[in-house]
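Each structure below appears as structure tokens.
Here chain A shows up in two complexes: once beside chain B, once beside chain C.
Up next is the complex of A and B:
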């Protein structure tokens, strides 16, 4: 057992309102620079949709992630589009890279023209100009061009996750009365088996030992761009100005200071949770190479119970600080993923073992239109809006979980996204979400009987206490409940890399070291 | 009054005359000696006096054929004279297969000394009827295949020269299939034997006691040995006579066609090898459909 700690995230998709505040916070802090204009370390996509860069999930195009040749349990995995031999063969060519038009050509507007235009007969306009060339351009695309199902025939219908769905099922999703979408915010997953790290010919990428954040060393990076090809989530980006690759750094300077990453801190819907998990590094290889049907389960099994005395002992033996173990015990990530079994990784079939988990969306709640009962209406409080007509938008059914089969998003679609095609896993999570909702309806509205609510919880595998906890962490959680950030212990991390005795007695103003430059 | 002036000087005049004459006689003898030394070191490599033609002409009687002034000018800088299209100099150059005498580093006084020596010697020869002239040296070349091979290797430096001299192809080129990339600082030695009318001694001169100032300086401290000279001469003769020059072959359209076929095969291979590559943007079809404005000021 080789216990390590990893800062891991939960995105609760039921709560995401698609406001892009996270993306803007990230952009303002990290990528508002020359060469990084097109990069969105955090982006929010509409699903169904093709995302950013377009069709990033289609690895037949981009050749990202790992692939397993055989079906046996002993078969190893290899990088699909990079790695030693393929990387060497393509090192000067790198044919599978996304081009700028797969992302979008970044642009701004000549706002000054509005102010400085001379008086004339025409209204002054702010023309769009490319942030790459500086020339006026026709805007062709943007990072969320398919937002809210815009351009659906071109984008939503070409969602790679629709692949396994029958044409009838696909068609049903795009009928006007059934059309629905949800948002998928994405950042770097800080994977346990990162393809980007494995692909780098220069060894510039590394996974930080103390918290598992995956970083690009800007002084070592030589701009081969193998990481861009290798990352199946397309979350490493090439900066054309510096000639180096960059990626989400999970705001590590903020994390080290005990602050939540900017995207999480600014999240309006409070959909984001962050906490430490303890995992067994010995099992990574085996889990990443497991059969596709066991992939998600084996991935989850890597994460260990932070309250288990054996785990605590092994963690301490491995130099994990007590404060980190305490954080792991209070980690919302552990609760969502392991205790409650609500969250799932995105596209685990890429075999990178992503450490960002998503609570799949239950919305939209399926309902039927029925006749309203005047007696029931009278029971409702004075603040309740009473409609003149007698239709009722009824969300309750006799067969409580039956609605899942009529969900606007086919379960297969969700399974393609979150469970490598395993529909049972999605169903279990959605049932739990629904059970909590029914339980809370019993508690607050009271129109669901206690027996029914208990039966539902039992079917979903939850207790009333768990349902309360889920409700609390989902709806009421305070800042410190959502972000349980362990003390960074930078001093220990530094001592692992260099001998601090050299510095002893020489503290003072010191000397400025040369600034980082492209070291070719 | 003038008489008194001369009267006062009368006595020193004969003394002065004696002094001047003796000085003249002394300097005459001294000039003769200095001229001989200069001739031996500077001119004798290529010229004889009465010994016949070597690299350059036999200089016996040249003082009668040409004016003193012309000779002085020519010895000082034959290249300038040729450049100025002096008819006699140009004729000489043509007669000697375009072999140009190098400009000398001798001073004007030294040139006079040498010309004096040549004049005195040729007059002496004339009076003696040609007796006592040093004949032009002759060299017999016994060129074996081993010599040729050794010379070839020495030419481009595969065998080091015994005294540490620089390999020939540092400055010279000889077009030979076995030698690639000769120097172009100096003349090509391709047809050197033809140039010297196939007289080995004339080639030998250049390796033994070269008249060319730069080459002389280069080999001053590390001269070639006689054995090396003979090997090199053997090689140069071989290169000249056997016509082992790699004259460019014209392959006609074949060269172009083979290139085209090779390129086609190469591109076919690339196409197969990288057939699965991503080409263009996945959004291309969408972009092509989009309406674009005409942007006049796009640079």
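Up next is the complex of A and C:
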């Protein structure tokens, strides 16, 4: 057992309102630079949609991630579009490299023309100009071009996750009256089996042992761009100005100080959680090479119980600080993924073992249109808007799990995103989310009986205490509950940035001069 | 005239090599961050394939060919002793040279034609592209006009280069050669001369160590076993990334 600690994230999709505050916070801090204008280390996609870069999930196009050739449990995995043979063979020209047009050509507007244009008959306009060439351009796409299902025929309908849905199911998703969407915020997953690290010919990418953050050493990077191909999430970016690759650094200077990353701190919907998990590094290879049906489970089984005395002992023997172990015990990530079984990784089938987990969205699946009851409408009081027709948006809770099958989003679609196609896993999580709602409805509204609420909880595999805890961490949690980050120890943190041996004896006590000798 | 030739075939090579060595080390120490070739594939798409692939593989083979003839002249002469083998050798070399010419022309054209590429193109990039083109065209001219280049390179040029290396320059054989060949030699040393100041430096950082490296890289900032013991907590090893 080789225990390591990893900073791991939870994004609760039910709470995401798609405001892009996270993206803007990140952009302002890290990528507001020449050559990085097009990079969104954090971006929020509308699903169904093609995402950023366009159709990034389709590895037939981008050749990202790992692939397993055989079906046996002993078969190993290889990088799909990079690696020692493919990477060095394609070193002069990488046929699988996404190009700027797969993202979008960054642009700005000539705002100064609005002020400095000569007086004339026409209104001055601010023309869009390319941030690469500086020439006027016709904007063809931009960040979140398909936000909120805009341009559905071109974007949402080409979502790679729709592939194995029947035409009828796809058609049902795009009926105007039934259309639904949700948001998928994405950052670097800081994977346990990172394809970007494995693909780097220079060895510039690395995973930090202490907290598992994956970084690019800019001094070592020579711009071979294999990481851009290899990352199946397309979260390493090529800076065309510096000729180096860049990626999300999980705001490591903040993490080291025990602060939340900017995207998470600024999250308006408070959908983001961050905590430490302890895992067994010896099991990485085995888990990454599992059969597709066991992949998600094996991935999550790498995580160890931070309250298990054996695990604590082994963690201490491996040099993990007590503060880190304490954080792991209070980790919201561990609770969501392991204790409650609510969160799932995104696209496990890429086999990078991503350490960002998503709570799948419930969506407005529960409600249906029913005949309204005039008696009930009267009870609602004068503030409530009364519709002219007699239809009501009915959220009553009879036969609650049955509605999962009539969900506006086919469960298969969610399964393609979060569980490598396993619908049972998605169903289990959605049932739990629903059970918590029913339980809370019993507690607060009271129109659900205790027996019914208990029965639903039991069916979903929860206890009342668990439901209460889930409710707390989902709805009421304070900042320190959502972000349990052990600060790097001060004396150790400084060694992350520089070698303190150089400084010894150079200030304070000791000698400032190179040598203590006098004369010749 | 002789003084001029001594300059070109004795003084100039030494100046070029010294500039190459000092310049490269200086550049790596001063601006090590920029020791690479600024790739434009990301801005331009896949049209560059027909330029960069024939160019790179071609020039790699041509370079290796020259290197082998320089290091093992007897081997080359022995191989060329049989006419069939000689023709195969010359034909193959010329094919690679032609690939370089085609590739370079494509690369120059795309650099001049694409507005996005001009943003990431320096004057030195264009200079070195045209300079390499001139050098390869000279090489092709020699291959066609002064047969058989591979043999007399091994017989005459290799001893001259070795004499330079042994600090006992013997330029007589070179001085008697036709002007085209002399130009080819001077151009070759000129490439060494300008090497540190161009994007060519990227060939010194070719990532061959990748072959031997395990795929995953994990860096620890401190020795995680020792950090917990007061007696050994002070690290005496520099972390690998600073």
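In this text, the second predicted complex is superposed on the first by the 469 of 520 C-alpha atoms of A that agree within 3 Å, B and C clash if a C-alpha of one lies under 4 Å from a C-alpha of the other, contacts with A are read in each partner's own complex, and residues count from 1 in each chain.
Throughout what follows, a residue touches a chain if its C-beta (ideal position, glycine included) is under 8 Å from a C-beta of that chain, and two chains touch if they have at least 3 such contacts.
What you see is a predicted model; the values in this text were computed from it and never measured.
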Chain C versus chain B on the shared chain A, clash or fit after superposition: clash
Partner chain in contact with A:136 - chain B first, chain C second, else both or neither: first
Chain B versus chain C as contact partner of A:294, first or second or both or neither: neither
Partner chain in contact with A:218 - chain B first, chain C second, else both or neither: second
Which of chain B and chain C A:319 touches, first, second, both or neither: second
Chain B versus chain C as contact partner of A:101, first or second or both or neither: both
Touching partner for A:339 - first (chain B), second (chain C), both, neither: neither
Touching partner for A:197 - first (chain B), second (chain C), both, neither: second
Greater chain A contact set [chain C / chain B]: C
Candidates 24-32, 96-104 or 168-176 of chain C: the single one with C-alpha clashes against chain B: 168-176
Contact residues of chain A, present in both the chain B and the chain C interface: 93, 95, 97, 99, 101, 135
Chain C - residues contacting chain A, complex: 32-46, 48-49, 52-53, 55-57, 115-116, 118-120, 202, 205, 207, 209-211, 213, 215-228, 235-236, 238-239, 241-242
Contact set on chain A toward chain B in their complex: 53-55, 61-63, 93, 95-97, 99, 101-102, 135-138, 140-141, 151, 154
Of chain B, residues touching chain A in the complex: 274, 277-284, 286-287, 290, 292-293, 295, 297-299
Chain A to chain C touching residues, read off their complex: 79, 83-84, 87-88, 91-95, 97, 99-101, 132-133, 135, 193-194, 197-198, 200-203, 205-210, 217-225, 228, 238, 240-243, 316-320, 492, 495-499, 501
